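Take a look at these structures.
Next come two complexes built around chain A: one with chain B, the other with chain C.
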Partner chain A sequence: MRATFPHLLHLDIVLGILYPTLGVEIVPPPPITSRTIEIGVEHAPQNACFPLKVTLGNFVEGIERGADTVFMAGGVGPCRFGYYGQIQKIILEDLGYDVQFVLIDHPRFGWRPFFQALKTMAGGRFSFPRVKKAVSLAWKALVFTEELETQRRALRCQVVNRAELDMVIDGALQSLRKVESGSEFERIKKEAWSDLSALERKKENNFLKVGIVGEIYIAQETRINFQVEKLLGDLGVYVHNSVSTAQYVLNTFPVLKSKEKLEAWELARPYLKRFVGGEGIDTVGSTIRYAQEGFDGVVHLYPFTCMPEIVAKSVLTQVSRDFDLPVLHLAIDEHAGEAGLVTRVEAFVDVLERRRKYWKKAEGE
Partner chain B sequence: MKVGIPRGLLFYRFYFFWKTFLEELGAEVITSPPTSRYIVQKGLTYGIEEICFPVKVFLGHVLALVDRVDLLFVPRMVSFYPGEYNCPKILGLPDIVRNLFHLSPEQIIDEEINARNRGMREAEMGLIRLGERFTSNRRKIAQALQKAEKVHREYRQQLQSGVLPETLIDGKQSLLPKEEKVLLLGHTYLLNDSYINMNVIEKINQLGYSIVTPDMVPEDRIRLFLKKVPKPSFWTISNEILGTALSYLKERDPKVKGLVHLVSFECGPDSLVGELIGRWVKKEEQSLPYLRLEIDEHTGEAGLVTRLEAFVDMMRWRDSNLESHFSPFAAS
Partner chain C sequence: MELYLGVDVGSVTTKLVLMDKKKKIWASCYLKTSGDPVLALKEGLTYIEDHLPRGGEIVGVGTTGSARHLAGVVVGADIVKNEITAHAVAAITRVPEVRTVFEIGGQDSKLILIREGVVEDFAMNTICAAGTGSFLEHQAVRLNVPIEEFGKLALQAEQSVRIAGRCTVFAESDMIHKQQLGFAKPEIIKGLCESLVRNFMNNLATGKTIEDPIVFQGGVAANQGIVQAFRDFFQGKKKIVVPPEHGVMGAWGAAILAMEYAPQETAFQGFEVVNRVFENRSFTCGDCPNGCEVVFLKEEGVIKALWGSRCGKWTPETVGQKFAESKLEEKTDQRELSVS
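Take a look at the complex of A and B:
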């Protein structure tokens, strides 16, 4: 079995650590390029949301590299994500690819298929200690990659030499790919932290602060969102992203729901009373939290036609008014152009700068 | 107390239920006028640009009511079939309306009606909570509910026999039945609002076909065929479309000559469900002609008519050439 899977930021690194231990050979799809998107757009339904198209492109490219199995996750709705697998499976069949489509779905749709999928994904044999060992290291790696990205966002405006920052973080990510044991992992982690703290910082520390909210895939996958975070960092903005894959995974288990998430839901309640699928309510809650934490602005990233995020967007207009917080909505799909996006982000940062310079000063007096 | 029901989205499915229920509780029910150019335009100004067309129209209807009534009726219809959802936009509808028109909680009925987890009992609890806004007498609410359910069942039965909702609600003249039929798939708020769909039903009728909509197919039949889908979708109305399409593909009715799927641009569920139906149609042997009509505020009537006429020509051509087309032995 040679399995491929969709990209989501550094998921390939994490699964690269997980699977050799489980005895499954994985074939990571090549990094997302315009070809991936072209393939996805060509075969996917026209009005489907963008992540479906990109992940479909991933599958096709993974299969071209020699994969014979596709790993995908399902869901319970009402967001469209949970139905991706069904559609992608049929599309791949119709394209004539003879692959096994392993879809791990919510136990709500039957415990048997759930365990069967889990078993296949765990390499056929289900030995608890083995799985536990593999998962615990992979989990640590996932959390670590996210911490690295958080640092990259936060430090980009602060360091003197940005290329050095990228070098340290990309270097750490690269060496993670070869990690095999827990001790090696700890060494890489320690090294990365010491390298990061050794970076030379600017003297000033009065940066503009921008939070990122939105749909999990678009808000995280830098190869799709035109590296908005990097762009903001280069403009001298401190960036924080409210979306995290680790949190997402944890929150799929009702018991492990994080306090942060419940708080965000509580904050969103005056505006959006109920879970509307996807990250809709989290978007609203996180925006309010950023306003309370004194952020200067929020960038809302979502795929064009995303249902939960459109509900969130309708509501965010009022949030933005009530909290006096500028929100920039960026809908991303295959037609999004980089130049237009860059111009809008730059204009947005200009607005924030002016607000800080004149309005905030007037408030203080 | 005046309660306003906007004429949009699930209106065409639940109007009689809601009306009876509210009237039994002592409310005066006001419905917004049928969709017009004015309403659509107001909706377009109020709704954010990316939201789907029917929601924009709904917002136009809300605007037409909001100053005339004491209470706006926008219940949160999370689910009306066990285990399924409605579309996220319907889930968030009360919040969208509340935030757009700056309504206080006393001005809007936004009780949650949810049959997803514990079925109809749970949904009834939501309706009882809703009723408690009008009276504290639980007995009265239960009676109102019972009566409303009875009216709703009668309404659904009438729909099954082929009567169109607009005939029942507005007294619109019913169309002449034709010999041949077209299966018209789509969400209830697209099929039954003749302004948004540019009178598509009448146009098909003038071209010589009666229509069959998911509302006219027995629910048992829809659910039976839906069981054959590996994983049905999460959305009740889309599931009904899926089940109806499958039932007519698998068990052919010789009178049904083609499939027309009416979709609103931006419709999330139908973007996936429509793709499934399209692929099924292609895989079927001696399949039915299939037309997908996408509708939004920019759709021109002329384009729609041309496509429908071309489709009718195709159905006719296919009918007359069916034998020679599929049988290798027929004389050419």
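Take a look at the complex of A and C:
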């Protein structure tokens, strides 16, 4: 079995750690490029949401690299995401690819299919201690990749040499690909932290602070969202992203639950009481949290036609007014133009800067 | 006298403004970009040089518009700013109590909300042509009416006719249909103006509170038919101001931003730029399937700036090396840079 899977930021690194220990060969799809998007757009239904198209492109490119199995997460109903697997399976069949499509659903929708899928994904031999060890290391790696990205967002405006920052983080990510043991992992982690703290910082520290909220895929996948975080960082903005795959995974297990998410839902309650699908509530709750933490603005990223986020967007209009917090909404799909996006982000940062100056002046009087 | 130069290179027109420390405009010009921003810039610079007051010296330059980065390199800008900020700054300078800015240009339109002299919110339409100057120009050609006469004709109409303005192509077929029903030209033009206004309001103003005074600027503000259509839309209840400088507000804003930025020493290249040879070259990088179209600007054979390299591997140095090594230059795609 040679399995491929969709990209989601550094998921390939995490699965690259998990799978060799299980004896399953994985074929990561090549990095997302314009070609990936072209393939996805060509074969997916026109009005499907953008992440479906991109991940479909991943599968086709993975199969071209020699994969005979596709791993995909399902989830019957947070939103249209629940249909992704089923639709992609049919599309791949129609295209004439002879591949096994393993769709893992939430155990809530049946423990039997869940374990069956898990068993296939674990290479048929399902020995609990072995899986546990591999999962634990992969989990730590997932959390670490997210921490690294958090540092990249936060430090971009602070360091003197941005290229060095990218070098440290990309270097750590690269060495993670080869990690095999827990001790090796700890060494990489320690090294990365000391390298990061050794970077030369700028003297001033009153940066504008912008939070990112939105749909899990678009808000995280930098190769799709025109690197909004980098753009903001280059404009001298401190960036924090409220979206995290680790928290998402945690939250799917009833016993664990994500503290962060529960907190966000609680905050969103005065505005949005019910689950509206996807990350709709999280978007609203995280925006309120950013307002309370004194952020200057929020960037809302979502796929064009994403229903949960459109609900959140309407709610955010009121949140933005109540908390006096500017929100920039960016809908992304294959038609989104980079020039227009850059102009809007630049103008948004100008708005935040001028607001700060204005308030400072008003306070001084 | 210390002067500031503001440059706004848009998709359809190029604007330059020469301003003094009191933000007074000494000279301004409004030219067609015609797909060649460098040539338009040179023309504009020549005009400004001819109208430079005696003893005037340029101490700061700001650029804006969709080709702001290119213009910034060619002219030598101290500050390169997006057009939303530039337009807002100019509107606040012209009408300090302004609360809303409508800006309709050649290929995009903007709505800016201002409260107490600070931009609070904005919206920008860059996807669809149906709310922009290009839409009107296209229909004017179809109706065989010079675009300058367009607004005046609309005012002559006694009644209006509703034309679907959601999409440029469908607007055209609807317009033909209305012509065949026997509506006169002025009525159809009035209908077009109203459909543009409707489109602007639907696309940009949904969910936003429009308060007056409204400053209406951009090239399309010259069209009295559109101004009237906006007044009708608000049933005459909102105050709409069209400043006499409406066409060059972006460039004026860029000049004001350059003055606020107050460079120690300006990066302005001088009016000699007009005599220098600029070339736009491009090649498609084939190193990964992204196939980035890398565009670079050469000044007198030296690469000055470069755009479009997503991964960042192409810089003026690496591109220079690439061409020096393989002499690929002859084979490259020598298309002129078109700015959209």
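The definition used in the following text is that the second predicted complex is superposed on the first by the 357 of 365 C-alpha atoms of A that agree within 3 Å, B and C clash if a C-alpha of one lies under 4 Å from a C-alpha of the other, contacts with A are read in each partner's own complex, and residues count from 1 in each chain.
What we mean here is this: a contact is a pair of C-beta atoms (placed from the backbone, for glycine too) under 8 Å apart; a residue touches a chain by one contact, two chains touch by 3 or more.
Everything numeric here is computed off the predicted structure, so don't read it as measured data.
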Chain B versus chain C as contact partner of A:Pro6, first or second or both or neither: neither
Chain B versus chain C as contact partner of A:Arg274, first or second or both or neither: first
Touching partner for A:Gly337 - first (chain B), second (chain C), both, neither: second
Which superposed partner A:Ala48 touches (first chain B, second chain C, both, neither): first
Contacts of A:Gly123 with chain B and chain C, given as first, second, both or neither: neither
Chain B or chain C, by number of chain A residues touched: B
Chain B versus chain C as contact partner of A:Thr317, first or second or both or neither: both
Touched partner set for A:Gly82, first chain B, second chain C, both or neither: first
Partner chain in contact with A:Thr305 - chain B first, chain C second, else both or neither: first
Which of chain B and chain C A:Thr33 touches, first, second, both or neither: second
Where chain A meets both chain C and chain B, residue numbers: 314, 317
Chain C to chain A touching residues, read off their complex: 66, 81-85, 108, 116-122, 124, 126-127, 207, 288-291, 340
Contacting residues of chain A [partner chain B, same complex]: 45-49, 74, 76-80, 82-83, 86-87, 90, 94, 105, 109, 271-278, 280, 304-308, 310-315, 317-318, 331
Chain A-facing residues of chain B, complex: 47-48, 50-51, 76, 78, 85-89, 91-92, 94-96, 99-100, 110, 112, 230-231, 233-235, 263, 265-272, 274-276, 279
Residues on chain A engaged by chain C in the complex (per definition of touch): 30-31, 33-36, 314, 317, 326, 335, 337, 339-340, 342-344, 346-347, 350-351, 354-355, 358
